[in-house]
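In the two assemblies presented below, chain A is common to both, partnered first by chain B and then by chain C.
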Partner chain A sequence: MSRIVKSREFLVLVLLVAMILAVSTVNKAVLRPITLINIANSSLFLMLIALGQMFVILTRGIDVSVGAIAGLSAVVFGFALNAGLPLPLAMVTALLTGTACGMVNAAGIVLAGIPPIIMTLGTLGIYRGLMRVLTGGSWIESIPHNIKALAVTRILNVPLMVWGVGALVILVAILMHKIRWTRNFYAVGDNSEGAYLLGINTRLTRFVAFTLAGLFSGAAAIVFVGQIGFVPMQTGDGQELKAIAAVVLGGVSLMGGTGSVWSAVIGALFLTAVDSMMIFLRIPGSWNNAVAGAVLLLVVVMDYMIRRGAQRRRLAARAAEMLRADDTDDGAGGSKSGGRSGATAGAAGPVGGEVRP
Partner chain B sequence: MKGAKWFRSWEFMLLLALVVELGVLGLINPAFLDVQNLLFSTSDFVHVILAAVGLTLIIMTGGIDISGVSLMGLASIVLGLSFVAGAPIWLAVALALGVGLLAGAFNGTVVANTDVNPLVVTLAMLFFYSGLATGLPSLLDMLGFKAYGAGGFEAYQYEGINGLPKSFTWFGTGRIGWVPMPLVITIVLSLAAGWLMTRTRFGRFLQLIGVNQKAALHAGVPVRRTLVAVYALNGFAAAMAGLMLTAYFTSARADLGSEALLNIITAVVLGGSSIYGGEGSVLGTFLAGLVLGYLRQGLLALGITSDVVPVIVGALLISTVATRIALSALNRKRANRAAYEAERAAVAAIGE
Partner chain C sequence: MAPAAAQMPDQPGTSGAPLVALRGIWKVFESVTVLRGIDFDIRPGEVHALLGGNGSGKSTMVKILSGAYQPTAGRIEVGGRAEVLAHPSEAHAKGIYMVPQEPHIFPNLTVLENLVTGLEGERAEIRRRAGEVAREIGLNVDFNAPGGTLSIANQQLVEIARGLMRNARVLILDEPTSSLTRHEVESLAAQVRALTRRGIGILFISHRLDEVLEMSDRVSVLRDGRFVLSAPTAGLTADRLVEAMLPEDFDNGNGNGNGMGKGRSAPPPDAQGNRPSPAPVLEVRNLSSLNFSDVGFSVHAGEVVGISGVVGAGRTELAEAIYGLDQTAQGEVVIAGTPAPHRSPRISQELGLSYVPEDRHAFGLFLTLPTTHTVSASLMALRGARFMKPAQEISLTRRFVERLRIKLASPLQPVRTLSGGNQQKIVLARTLAPEPKVVILDEPTRGIDARARQDVYRLIRELTAAGMGVVVISSEVSEIAEVSDRVLIMRRGRLEEMPPGPVEVDHIAAATFGEAASSGEPGGGRA
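Let's turn to the complex of A and B:
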């Protein structure tokens, strides 16, 4: 329990609730259920690409092409629907497009050894360019209406898509918990060489991570098209940076190995909530980015300070223990140098647990 | 860098690529090779080169600053707003450059004093500065400042600020001899950055930090001060690039340069800098910027739509890095093979 309370995800969740409560003192309308449902609903796109991004960053990579992948998948999805494909089949096409794009990234990074930021920056240009080339630069409209039904249908006042993505998130969380192989993401991100020596297939793990990022971006494209019913050229523009911001805000470290599904979920909710809160505070929308940036900086710096504080406390405790060990050793009549070695042993004792007298 | 060594350097390859590229484009469309035309078309992309030169210094230290693209817009809008608020143009320019310098220094301070990844810090600042740039007009209205024209500052938020004085726009549209001013500014600042990197202690410090930050700290390098300074310089370069664009378009806008991130990083990496730090050259970045810029111009001149250009730039970025990786792997293999042969020969000699 205390582990949950101390986690970064919890910190950001508390900040989120605090922000909503603070705004509610100015404008009561924030606390209406419909407002909260709307925030959840408009965060779905960001949440899905952030979820994919999470796998990549867990393995200490980065993928700046997720927004472009979502855009390209949305275009393919729109084409498939307009070509008269049944909805489930069109969805599969979108997911396959995303997966294929992710696999191209993975191939460049894992097989050719290109640094992730360079590879995905390159494919960002490629996918976005392809998207414009495919459509000739015009929007895809006149998409059949049955896709809109997904977004409009509500169960218990909550849109079907929120239920769907919610179920998906929980499913992923359970799979991450149940399948032992998913620990590989953390191992590879935390210490790639160590993971390799343990017999983990690090290359496969990173390949899968980038592929999953593509898959989830494809899923995000389905949500996007479902929600607005057409495909504008700007689909996914700039969303890659938002996705990175969301997962980092939620506690995924760019140094790899830390974070969870909930990081992506809470981070995406937070960034979307910031935008909504601005509306309720009647602050012009032009400030959205400034507030999101300030919050992100504040949270990562605060996180650093908390970690540094904990580290200092740990060191202080160890120093105190060393001093105590030094005293008892001197009392037993050991020489000064003997006392020192005793002190090191005493300090190492609780840490290593293997000190012989 | 003399003689044969220079001919095998990456910079020479880039120069060669530039010549070949211009030659090929000239063969297809001879009008492209007009000297005046070549010089003038640089005004469309030198802001990318200038920002990339600033970024090269940072990448040298193993860091990165992606917030420069937002600083271009911020500097532009600061200049425009202070101008319509009645400040003389030189003061407006000084303010804009000062904002760039300070914003960069702030990035550097956070990077130097925490262990937060520079990419995360500057990602946050990318959002923050772009939000500041778009929000500034309404903020000034709220604070009660007065602007020329009806509707206060907010009227300028979307349409940009025009009517800047000739003495300022000359820096974007004027020329000395045949050389347009933006190119002059970029060359001067690139020379300064190159001098800083190769001829001063500061440049050595940058490289040492990039190779091994801990070792640099133990060797007595003022790591924090150097980092703050280099991020501040990058902020200055980005602000300068923003002002150059403003003068060139004769209009101050908050979203100037926001499209340039892919091009800037491509120029730096194509120029031979390693994103892991400790390796890079200003000359390389400058040449790579020219190669990229002319490629874009040439493709557009050939009637290829601008939609395809990012595809080509992206493919170029990936294939360059892949080639460099393959080349270095090949070199390593060759060196290993040579060492192995030498070892065998030595063992055989002992055996005889």
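Let's turn to the complex of A and C:
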């Protein structure tokens, strides 16, 4: 329990609730269920690509092509629907497109050894370029209405898509917990050489991470097309950076090895909520990006200060313990490595105080 | 001093078929031949120590044994059968596990996850086994704490546990003691003995000859890719080992890296503490911080002050506070006669104080740039120089290469390609290029071989002869005894001066490891 309370995810969740409550003092309408449902609904696209991004960053990689993959998948999805493919088959096409794009990234990074930032910057251009080549630069409209029905259908007044993505998130969280192999994402990001030496297939792990980023971007494309009913050229533009911001906000360290599914979920909700709050505060939308950026910095720095404070207290306690233990410990001779060595850990360990940027 | 006398009465290692054997192994990298047909084996229940200087082929041999490298020629036998170890995990599967010098810990995963990562099988069963193994080897820590909070000693136990959970028959311990305190070394030695009783064979790599003599059953010495000595430990002496490790033409007149009980060959002119009053080059008064309190000492031109202390005693923190890396410390520091109330590395260097930390990589070795860049960096920064002619840089580098006997094909070679000992010498060259008045060396010989060690000691003597003040911080008592004119003991955050007189290793050891300084007994009885 205390571990949950101390987690970054929890901190951001508390801030999210605090923010909504604070805004409600100015404008009561924020607390209406429909507002909260709408926030969740508009966060779905970002949440899905953030989820894919999370796998990559856990392994200490980065993927700046996820927005473009979502865009390209949306285009393919639109074509498939307009060609008369049944909805489920069209969805599979979109997912396959995303997965294929992710695998191209993975192949370049893992097999050819191209640094992730360079490889995905390259494919960002390629995927976005392909969107234009495929469509000739025009939007895809006149998409059959059955896809929009997905977005309009509501159960208990909550859109079907929210239920769907919610179920997916929970499924992923359960799988991450149940399938031990998923710990490899953490191990590879935390200490790649150590993971390799312990027999973990680090290359396969990274390959899967980038492939998953593509798959989830394909899923995001389905949500996007379902929600707006056409495919503009800007689909997914700039979302890669927003997805990175969301997971970092939620506690995924760019140094790899920390974070969870909930980081992506809460991070995406938070960033979307910031946009909504601006509306309720009647602040012009042009402020959105600046405020979201400032919030990101604020949370990361706050988290860092809290952790550093905790580490300092721990160190001071250890120093005191060491001074006390020293007199009694020495006489005993070959003491077990427990008591005294604990005192050196604080100085040696690269723990806690690190900023998770 | 005859540490070899403490040999185990029975020789478990001399019987039994080898667990693993290297037969006629050659390794050639591009055009460099590193191993020249070596034979080596590890038998059940023995500790086989491997010694060798930098570039002797030691680490290459270990990498072949642990599956990280493939031999160019020759074969590896496991349990008598020829095997190919194509990957570390194949070595694991065949019962060979290497505990690296820097344990591979996942700082953000829990201790339990650190133990079980990479293992297949029923989860509950693996967890149960992890608990069992941890208890056996004395790893008493919270399994839910993050791996990053473990001390180095416990990190090593985690690595050993990983090996045992993979049913390792052979454990390779690569310099396991280099960052342990005396207590931890003793407890590790006890663990090693317990492991050998279970029939596990240990390959023990260390630069510390006293530990090798104390803990091993057999010793093999590698030099230039060949074994020059391979014999039961009983009957060997530290001198014999050093002799084997050094190249034939080396002048071994002045002691050895282990130098137990030997003082300096040339004691300083005034060993009685009443110097002919040259102004101190460094004075520290009432300096306190989180890790130490009320520390005061001074260093005069031309003397070596040794600070002895175990890891965690506050030695490094003290050095960092003096140098200005830790700006929260309270107290007075006077560098070359100039009070320096507000210090930063830059200010300290301008006043004439330099510091070489324990972790050489953290201190601006430019690994991929030509060596000349590292050597000239401090000098240029201090002079505010924007340009230095390449020819000047090269001749500056050449001067130090000669003085420090750095093994270097060309001054333009990237530092990354040099061995550990040579990298350490490059850091020293870099620090000394601006000609500081006083320099603090933190663990100057950590992880480097006996010969490079002697070069560093010789350099320290040359520096003091030229009028520089030197502070040497070390957890190796024999090193402190070897180089120091005066010895200070750092214990529990406090600094005490040893009484004046000849520098004796036993007295330093006693004071450092926590017994009364007046007692003649070395700290913590030898096992």
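Note that the second predicted complex is superposed on the first by the 325 of 357 C-alpha atoms of A that agree within 3 Å, B and C clash if a C-alpha of one lies under 4 Å from a C-alpha of the other, contacts with A are read in each partner's own complex, and residues count from 1 in each chain.
By our rule, contacts are C-beta pairs under 8 Å (C-beta built on N, C-alpha and C of every residue); 3 or more make two chains touch, one makes a residue touch a chain.
Here the structure is a predicted model, which is why all the values come from computation and not from measurement.
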item: Contacts of A:R180 with chain B and chain C, given as first, second, both or neither; value: second
item: Partner chain in contact with A:I62 - chain B first, chain C second, else both or neither; value: first
item: Partner chain(s) touched by A:A29 [first = chain B, second = chain C, both, neither]; value: neither
item: Partner chain(s) touched by A:A195 [first = chain B, second = chain C, both, neither]; value: second
item: Chain B versus chain C as contact partner of A:P115, first or second or both or neither; value: first
item: Residues of chain A that lie at the interface with chain B and also at the interface with chain C; value: 253
item: In the complex with chain C, residue positions of chain A that touch it; value: 3, 180, 183-184, 186-187, 190-191, 193-200, 253, 257-258, 315-316, 319, 322-323, 326, 329-330, 333-338, 340-345, 347-352
item: Residues of chain C touching chain A in the complex; value: 87-89, 92, 98, 100, 104-109, 113, 117-118, 123, 138, 140-141, 144, 146, 148-154, 157, 162, 179, 181, 183-184, 186-188, 190, 290-291, 311-312, 316-317, 491-493, 513-515, 524-525, 527
item: Touch list for chain B against partner chain A, complex; value: 110, 114-117, 119-121, 123-132, 134-135, 137-138, 157, 262, 265-266, 269, 275-276, 305, 307-315, 317-318, 321-322, 325
item: Complex interface listing, chain A residues touching chain B; value: 62, 108, 112-115, 117-119, 121-126, 128-130, 132-133, 137, 241, 244-245, 248, 253-255, 284, 286-294, 296-297, 300-301, 303-304
